[in-house]
Amino acid sequence: MIRFEQVSKRYPGGGAALDGVSFALEQAEMAFVTGHSGAGKSTLLKLVGLLERPSAGVVTVTARNLRQVRRRGIAQHRRAVGMVFQDHRLLLDRSVQANVELPLVVAGVPASERAKRARAALEKVGLGGMEQRLPARLSTGEQQRVGIARAIVARPAVLLADEPTGNLDPQLAVEIMRLFAEFQAIGSTVLVATHDLFLIKRIRKRVLVLDHGRLVDDLAAGEVAA
Amino acid sequence: MIRFEQVSKRYPGGGAALDGVSFALEQAEMAFVTGHSGAGKSTLLKLVGLLERPSAGVVTVTARNLRQVRRRGIAQHRRAVGMVFQDHRLLLDRSVQANVELPLVVAGVPASERAKRARAALEKVGLGGMEQRLPARLSTGEQQRVGIARAIVARPAVLLADEPTGNLDPQLAVEIMRLFAEFQAIGSTVLVATHDLFLIKRIRKRVLVLDHGRLVDDLAAGEVAA
Amino acid sequence: MNAPETRASAARGGALARWWRAHRWALAQSLLRLREHPLGTLLTVAVMGLALALPLSFYLVLLNLDRFGQALGEGQAVSVFLQAGDAQAQAQALARTLRGEQTVAAVTLKSPRQGLAALAALQGFGPALAALPDNPLPWVLVVEPRVAASPSQIAALVRQLRADPRVALVQDQGPFRARLDALRGFGARVMQVLAALLALAALLVVGASVRNDIQSRSQEIEVLQLVGASAAFVRRPYLYAGLWLGLLSGVVAVALTMLLEAVLAGPAARVDAAWGGRLGLVALDVTPLLALLLAAAMLGWLGARIASARHLAADEPA
Amino acid sequence: MNAPETRASAARGGALARWWRAHRWALAQSLLRLREHPLGTLLTVAVMGLALALPLSFYLVLLNLDRFGQALGEGQAVSVFLQAGDAQAQAQALARTLRGEQTVAAVTLKSPRQGLAALAALQGFGPALAALPDNPLPWVLVVEPRVAASPSQIAALVRQLRADPRVALVQDQGPFRARLDALRGFGARVMQVLAALLALAALLVVGASVRNDIQSRSQEIEVLQLVGASAAFVRRPYLYAGLWLGLLSGVVAVALTMLLEAVLAGPAARVDAAWGGRLGLVALDVTPLLALLLAAAMLGWLGARIASARHLAADEPA
């Protein structure tokens, strides 16, 4: 489902954010990506979501070589991918519900169904009743959960989450991970970037470890010492 | 140095973010504030930094009742307080160095000294050599560290940090906490909001625990079970 | 929990329903946008409306000057001075002949007595001329060409009269008419150039407004792109906003022009009255007004199109 | 590591040095800001410049119309027709007397022969008048009042002439002069109202521009406030930006007016030549131009002040 073959990424005016990374994730598999700040976790997720293109190597998602995806294809690809952004990326002047509905608007879902599904997604992240608030009137952790609701609302085939629990307390973080695991269970491929070792130990999934852009470890589920 | 007396905060259109909180922090003391997402940690720090005013109760900082601080006094107060924001609050169209220099510009420090001190602060958070980058071209953890450098660059008497390590790996998080402890050692009062139990256990300081806006625990340094 | 789905397939209904939903959303967004910045919208519409009102007003003025010019050309009749001493019978005979000409609208006979009276009315010469022992003035025929007569037809008539032995002198305003025609042509060309320039200005103004909007919404645009909005989807609200701005400016331009018309109605009627109501001054009819509205809307759309092409960051990952 | 310090005490140098550093920073920021949006800056400056150029041009035109009007009043001399049959000696005696009057600039004598020649030049009467047996015209004195003479002084002169037994008829343009004076006063008032309205428009334009800038920088403003910037500090770059916009608009207005002056120089010179160069048409001198620049800069600053007062979120925690 997601395959990296000798993928490198070098930003203009920077060093190598990723350096010869290869791995493959099956459909309905879930994995963590971890590593120090600046190790390349976000970059890896951005390549899968087609927010960036690799400088070298091949990224394949859902059997499609992303190098061949252009223009309209990019928007289409992103509609099939749900992404939680490390910096949330909410529209601050729209209500929480409008934010969560956004992927459904783009996909052309009718208004009534949009509202229903948005409300269900917000319920799942523990934000039931906050539909009409503006994101600026939420705590940061609440904002992060709005971003999570937006990523899952369209039930994407691929779910990417970049540090989705950086502003959540440990208990809530575990709940969110369980939610992601549910998506895995029904067939989504899930990739979560995190530096939270506690979480990685609790949720026993495969772990990819980055160090200065290189994939230095690929631990199967359960291999992580508790 | 920082005293809360029966402080409550109710946002318009929301429940009680803080509810009858009382505690006192001596000068050159350091404490953590912890609690679930939405517990009121950020609200507590915002009251100290005069970003919000309490609905009830008295907040005293550096022997000044903040209720009596108005207009010019607010800006003056903020210049004496260094704050790390949970959402970083960087100027995305200015270089990293310009961002870090901002408190010095506001305080009227000459340009040459500004540059020297900004560079030193960036060095301390591990961002030496990134002075001329735009924040948009940094990883989220790197952005967070720019925010930390900006908070410490003017050597404030009060240092407030809201989830300063939410995007940092555990090792870096500990280093940043040690940095804050250094400030404590030379006389700053330091208050850090975090949900990171690992960190709280490693850095043995006083811990204030919030739950739905109420102060439910106040553990002295070392009282936290390892 | 349902199985995951790609979002494209998540949409209910056919392609048409999806298309309509997307447009309805864009429409609502564009209107919200204009309402969010009422002052900016007002300013844009005012400036653009003014830019569009100018050529329209110019067109209106030119239209009337044209009529006025025709009337002037008409009023500048050909004066035919007969030989001194010719009798009334001879003058009347020539007048009859001329009235039969196709190019002639009217012929007025002026007797020597009438000539002297007119001369006496000239400032200060009254008492002097009253002392004249005898009337030295000739018969005069004032020949008014038809409005439809071309300059060359009138020139032929003048030539024919000059050849007549009964005629001492012919005064013709032909060169004046020719100059008026040239002026009219020049005015029309100036108007075309001005209209083009002002349309360009209007385009610039609406483009700048839409660009401002795009730049102040860069974050929103990025988020839309991140959740899979196509370029057309992102662009659409701005195009609609441009359309509205253009249309509103058109309305302002029409209103301004009609105001000008109302203000000028008084003086124009007076001028018309001085010409004995023969000018029949024209008001703008509905066709050019509708054309302007349409043109304004299209200009707005085009300005938005150009601005979005230039300023909407291409959604191409690097 | 040094001991912590409050930031206020961190500043080196005196209050003056701090003040100067803050202003230098604001200056640099304001210039960066204008450069960041060259098209928007251009548009603002163009529209505001136009709004300021209009009253200035109007002032220039009025200034010259004034001269022109004076010349017209002057040209419309008082014509004095003597009794028919009066001899040359009598006419010259009256002319001498009149030349001694304080209100009289010049007196021209026209003999009956000159009068007849002028009459003959009138269209079509040449051949007829040539046949006159005797010259029936009187002597005429053309009396030009001084430019400085008031309408009432001239009226008194006319009364005096009418009472003279040698005089048959006096033709006076007094009512014309009075009307011209009224028109001049009206024009000046219209210009004042127009100038006030256009200054208001300029204020609006620069205010809208600064407001746009403030709104697009709301995040930056918030960050500045968070790190302890005072309201004055936050506001300052916008005030400087308004000042620059105003000053640039003033330059544009002056340039436009000078362009108008250059374009009109040809026709104006021709009119002047027709008056024998006595008009001495005026160009704008430096004082009103400098005044305009100053006024424009102040308008810009004021517009920015109002916009920032209205749109800079007060830094008052709730």
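Order of writing sets the chain letters: A, B, C and D. Residues in each chain are counted from 1.
Assume a contact is a pair of C-beta atoms (placed from the backbone, for glycine too) under 8 Å apart; a residue touches a chain by one contact, two chains touch by 3 or more.
In this text the structure is predicted, and so the values were computed from the model without any measurement.
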{"item": "Chain separated most widely from chain C, comparing mean CA positions", "value": "B"}
{"item": "Rounded Å distance between chain A and chain B, as computed from the means of their C-alpha atoms", "value": "28"}
{"item": "Centroid spacing, where centroids are CA-atom means, of chain B and chain C in whole angstrom", "value": "67"}
{"item": "Centre distance in Å when chain B and chain D are each reduced to the mean of their C-alpha atoms", "value": "61"}
{"item": "Residues of chain C touching at least two other chains", "value": "none"}
{"item": "Numbers and ranges of chain B residues touching at least 2 other chains", "value": "none"}
{"item": "Pairwise touch network: line, ring, star, complete, or other", "value": "ring"}
{"item": "Full enumeration of touching chain pairs", "value": "A-B, A-C, B-D, C-D"}
{"item": "Residues on chain A engaged by chain C in the complex (per definition of touch)", "value": "12, 46, 49-53, 71-72, 74-81, 83, 85, 89-91, 102-111, 113, 150, 154-157, 182-183, 186-188"}
{"item": "Interfacial residue positions of chain B with respect to chain A in the complex", "value": "11, 13-14, 34-39, 42, 86-87, 133, 137, 139-142, 144-145, 162-163, 166-172, 195, 197-198"}
{"item": "Chain D residues within the chain B interface of the complex", "value": "1-8, 10-13, 17-19, 21-22, 25, 219-220, 222-231, 233, 315-318"}
{"item": "Chain D residues touching chain C - in the complex, by the definition given at the top", "value": "39-40, 43, 47, 79, 81, 84, 115, 119, 122-125, 127-129, 131-134, 136-138, 140, 168-169, 171, 204-205, 208, 211-212, 215-216"}
